[in-house]
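Scrolling down, you'll hit the structures one after another.
There are two complexes below, and they share subunit A, which is joined by subunit B in the first and by subunit C in the second.
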Partner chain A sequence: MTNQELLSIKNLSVVYNTTRGRLIAIDNFSLGLSEGEIISVVGESGSGKSTLGYAILRILPPNGKIVNGEIHFNGINIIQLSEKELRELRGKKISMIFQDPMTSLDPLMRIGDQIVETILEHEKMDKEEAWNIGANLLESLRIDSERMYDFPHQLSGGMRQRIVIALAIVLNPKVVIADEPTTGLDVIVQYQILDLLKRLRDERKISIIFITHDLGLAYDISDRIAVMYAGKLVELAEKNKLFDRPLHPYTQGLLKSIPELSIDSKNLVSIPGYPPDMVTPPRGCRFHPRCPIAMSLCRQKEPKLIEVEKNHYVRCFRSGEVAFK
Partner chain B sequence: MMNTKIVEVENLRKLFPVQKSFLDRLLSKKIEYVHAVDDISFNIKIGEVFCLVGESGCGKSTTGYLIVRLLEPTDGKIIFRGIDITHIKGEELRKLRKEFQIIFQDPYASLNPRMKIGDIIRHPLDIHMIGTREERREKVLSMLKDVGLYPPEQFYDKYPHQLSGGQRQRVAIARVLVLQPKFLVADEPTSMLDVSVQANIVNLMMDLKRRFNLTYLYITHDFGIASKICDRIAVMYLGKIVEIGKREEVLGEPRHPYTIALLTSIPGRKIAGKKLKIRGEVPNAINIPIGCRFYARCPYKKDICQELEPKFTKLSETHYVACHNIEMIKKDWPTLF
Partner chain C sequence: MNSGKKLSLHGMLQAISRVKIRRPITEEEWFITIGGSIIFLIFMMALLAPFISPYDPTIKTGASYQPPSWEHLMGTDKFGRDMFSRIIWGGRIPLVIGLVATIFSFAIGVPLGLLSGYFGGNFDRILSLVMDSIYSFPGLVLAIALAALLGSSVVNITVAIAVIYVPTFFRVVRGQVLSIKEELYVTAAISIGAKRRTIIARYIFPNTIPSIAIVFSLSIADAILTEAGLSFLGLGPVVPPVPDWAYDLQKWYGLAVSQGYWWLAFWPGFFIMLTVLGYSLFGEGLNEILNPMLREV
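Take a look at the complex of A and B:
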């Protein structure tokens, strides 16, 4: 991977200690994000995709721990930062948009006050100045700045998520991690939010890690797509490549299971079985119990992530022979 | 004439009063209403999969609840197999309920966490006093097999928290099918599930439909799923049906701008190669505008739309659209595929 990477994750492993035992949520994960790039991290529940976001910002829950790996931002290893240094990083360099716009805003504070508070936490200026920055920011996001006086409950779901996005970028971060930011929103509003995020990239050169379970959304917003399964990165490629020629059987299954709008076909394909219990993941390749082309090797040994074609990484013993139909 | 319709809905309305503060009540301010379902009519034929599609707040779930009589309609008529069920109550309703059932959206909330899976599925049989103890158990076991939960004896004694979302939804399906209903309302049954599991549940439901001769009212916000299973589609917006037709008509040649916006906003590779962008969000259903309800967001609006609520235009024997601008839309969007 290149040197121009703004954020680079190397061999990251995260574990959770649960009452049922130790769970490896992310296992030896590597990914690099360039300036102005949008990468989607796609996976089902339990794939580790949200944990990835928490790990980058070092906001894992108390039972979660980074046990291995490095996360470099602009040459600094985030994993070695002190709590004080992390406060400087969060919001200002890297910020996060959480899944649920209903709970990520303070219901008792006006939107404007929440924005002002965020600014004053990090910058020395007076309140009025901060208020103006907030109002200008909303206008630049094509949100009426009168909204500064509203409380969250007065806003629609889509508007709330726009405010959450405004809060995430008010300190001009270089990287935004968006964790399923359109869940719970309807398709039309969802599309408006994607548009807004793409504009942030185009106009402010913000790099985005877009975490989603929806391959369709990933296709719409990103440059590259990383597919995760049971804590492992299983495929990484430019989005058109991934859609035209997915090489991992899980990616293939996921693509087929999108109920694509169609007038001719009434065929709906699914991946048999369910995602594994992460406390006791299957041996060998973690996808083998659900894999249509698993062989005995897959049950015993874990495949490595290899660059099958230029910039197309796959973790599968049979990736060379798999053709997508 | 033989009646091929299993459900007939005529001018159905449901208004929910908006909670008033004590002060407002003292000042006897006018009570406002949410027009959740506002004068809709359609029918569902025997053996059909009828999809109701729309965004949150459009009234699609309320419609489903009304039809299975979980909500009391404000106005209109619901006819089930020729019987007017709009206002039936008590024993009469209980008896008929065996024939129409509902599958809820959230399999994490719809199963009693303190009951064993077998007891959950058996419960309806107990209520309707069907069969002996032994027969009920047999029935539940065979039902578990039918919905793909093997081995059934093992699942019988499990609790909901031991199952995954997809397995829970299978239990919910088994629970309604055990009464051998003729008609099922499925209220977004896969929206809480992972994509890779979604298709399993939808395919199971379609398989069961064939085996048990069921008719579905399938409620979804996902046009992709609708396109895979439905025979006919109705698109709802703010309590109204704006377009209704056969699958090929609504998907292939949609004529309401809202339908087109929904269809072209589906994430992933685009069908028509372009997208109809619309602004804003679904407004609340309290202060309903006089003219077309979609006016504020419509890229095709003209003056008449603000003044006159569009009536249905009949485009074919089966395809109806409530819009003043069908000709213009036809020109811009001749066909989506």
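Take a look at the complex of A and C:
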């Protein structure tokens, strides 16, 4: 991967210690993000996609641990930073938008106070100045700045998510990790949020890691799409390439399972089976128990991530075969 | 208001009468109102004692053992002192000790609970052990021991009572912190680079206040009872002839029973009961109102 990457993740592995044993949430994951790029990380629940966001900011829960790998931001290895250096990084260089706008705002703090609090944590200025920055930011996100005086419960879900986004970008970070930011919002609001994120990328050159389980949203917003399965990166490509010529059977299954709004499509296609238990993942390729084209080699050996064509990576033994689409 | 066929009784009544029916006052609102009023009135009584008490409570103002009359509303005691004046003045010490002791407990228990709950680990384990051992003593027994150890002055009794309620605050706050620190908004605050101090003081502490308020009110009620208990056992902070409800109660209850001088024991006991009732109602009312809200938020 190239040198001008803003954020590069190399061979990252994250493990959770659970009562049932070690759960490998992310296994040997690599990904690079360029300036102004939007990458979607797509996968089912439990595929490790949210853990990825938490790992980058080093805010994993206490039982979670990065056991291997490097995360470089602008040449600094985030894994080696001290708590104090991390605090300076968080919010100011990399920030995160959380899944649930209903619970990611402090219910007892006014919107304005939360924004001011965030600014003052990083910048030396007086409260009034910070308040004005917040008000201007809200206006630029097309939110009435009078909302600064409101408490979270006074706002609608879409409005709250825009506040959460405002909090994430108020310090002009370079990278924003958006962890399913549109979950629980209706479709129209979902697209407003996507448009907002795209605008932020265009206007502020913010790079975005967009974590989602919805391939439709991923296609709409991103430049490249990374597909994760059971903690592994299984396919990575530019979005049109991934949609036109998906090479991993899991990606193909995901694409087939997008419901179509046409008259003759009556059946909703789904991938049979369930995601594997990550404490005892299957041997060989992790997808083989659910794979329609698995062969005996897949049960024995783990395939490597290979670049089948330029900038199109896939982790499958049979990706080279033409027959398989 | 309801679409469809389901009509509520409320809606029907409104439709028929075309008068807006007011929401009835709920039980917990009664609790808070009555409790709050009792506390307020008793505090005003103690505060305005110099202006409203008809006699000096420490000197002889009439014949001994007079039953209640217009001259002496609550009768007189053995030394001919006016019981009404003694009741008015006698609230000062229990009220102040209850409040100050609880403030002390709050000031020690809350920060320790915050730190213990937030940082966890061995610090939390040791602190919890200490607090649980204090908590496992019956409050009055511990207060007696401390009062005997320190000697009974107003300050010492306050300290002894304060010690008893530190674990109550500690446990409630610690428990709250354990759940609040898992909230997404705390993770969100960490993710934007907030310092630990900011997270504890600005994000976690305010969210524990509803629970603290309840404990605060109930602890004052309990502290007043403990003070009364100490006085009753002769370990009280008061030196006669300073008026104090519990002191008068323990001084005269024997006579009240044997001689039928009921007013000597009835009024001090009644006012202790009333004060404790006020705080308890207030605390219970707060509990009823704030706890569903805690669940909701």
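Note that in this section the second predicted complex is superposed on the first by the 321 of 325 C-alpha atoms of A that agree within 3 Å, B and C clash if a C-alpha of one lies under 4 Å from a C-alpha of the other, contacts with A are read in each partner's own complex, and residues count from 1 in each chain.
Criterion: contacts are C-beta pairs under 8 Å (C-beta built on N, C-alpha and C of every residue); 3 or more make two chains touch, one makes a residue touch a chain.
Model, not experiment: these values are computed from the prediction.
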item: Partner chain in contact with A:Asp150 - subunit B first, subunit C second, else both or neither; value: neither
item: Subunit B versus subunit C as contact partner of A:Lys92, first or second or both or neither; value: second
item: First, second, both or neither for A:Val189, with subunit B first and subunit C second; value: first
item: Contacts of A:Leu57 with subunit B and subunit C, given as first, second, both or neither; value: second
item: Subunit B versus subunit C as contact partner of A:Leu254, first or second or both or neither; value: first
item: Partner contacting more residues of subunit A (subunit B vs subunit C); value: B
item: Subunit B versus subunit C as contact partner of A:Ser270, first or second or both or neither; value: first
item: Subunit B versus subunit C as contact partner of A:Glu238, first or second or both or neither; value: neither
item: Subunit C-contacting residues of subunit A that also contact subunit B; value: none
item: Subunit A residues touching subunit C - in the complex, by the definition given at the top; value: 57, 59, 86-92, 95-96, 98-100, 103-109, 117-118, 121-122, 153, 164, 167-168, 171
item: Footprint of subunit A on subunit C - complex, ascending; value: 183-185, 187-195, 198, 202-203, 206-207, 297
item: In the complex with subunit A, residue positions of subunit B that touch it; value: 55-56, 164, 166-167, 194-200, 202-203, 221-225, 227-229, 247-248, 251-252, 261-263, 265-269, 271, 275, 277-279, 281-282, 336-337
item: Residues on subunit A engaged by subunit B in the complex (per definition of touch); value: 44-45, 156-159, 186-192, 194, 213-217, 219-220, 243, 253-254, 257-263, 265-272, 274-275
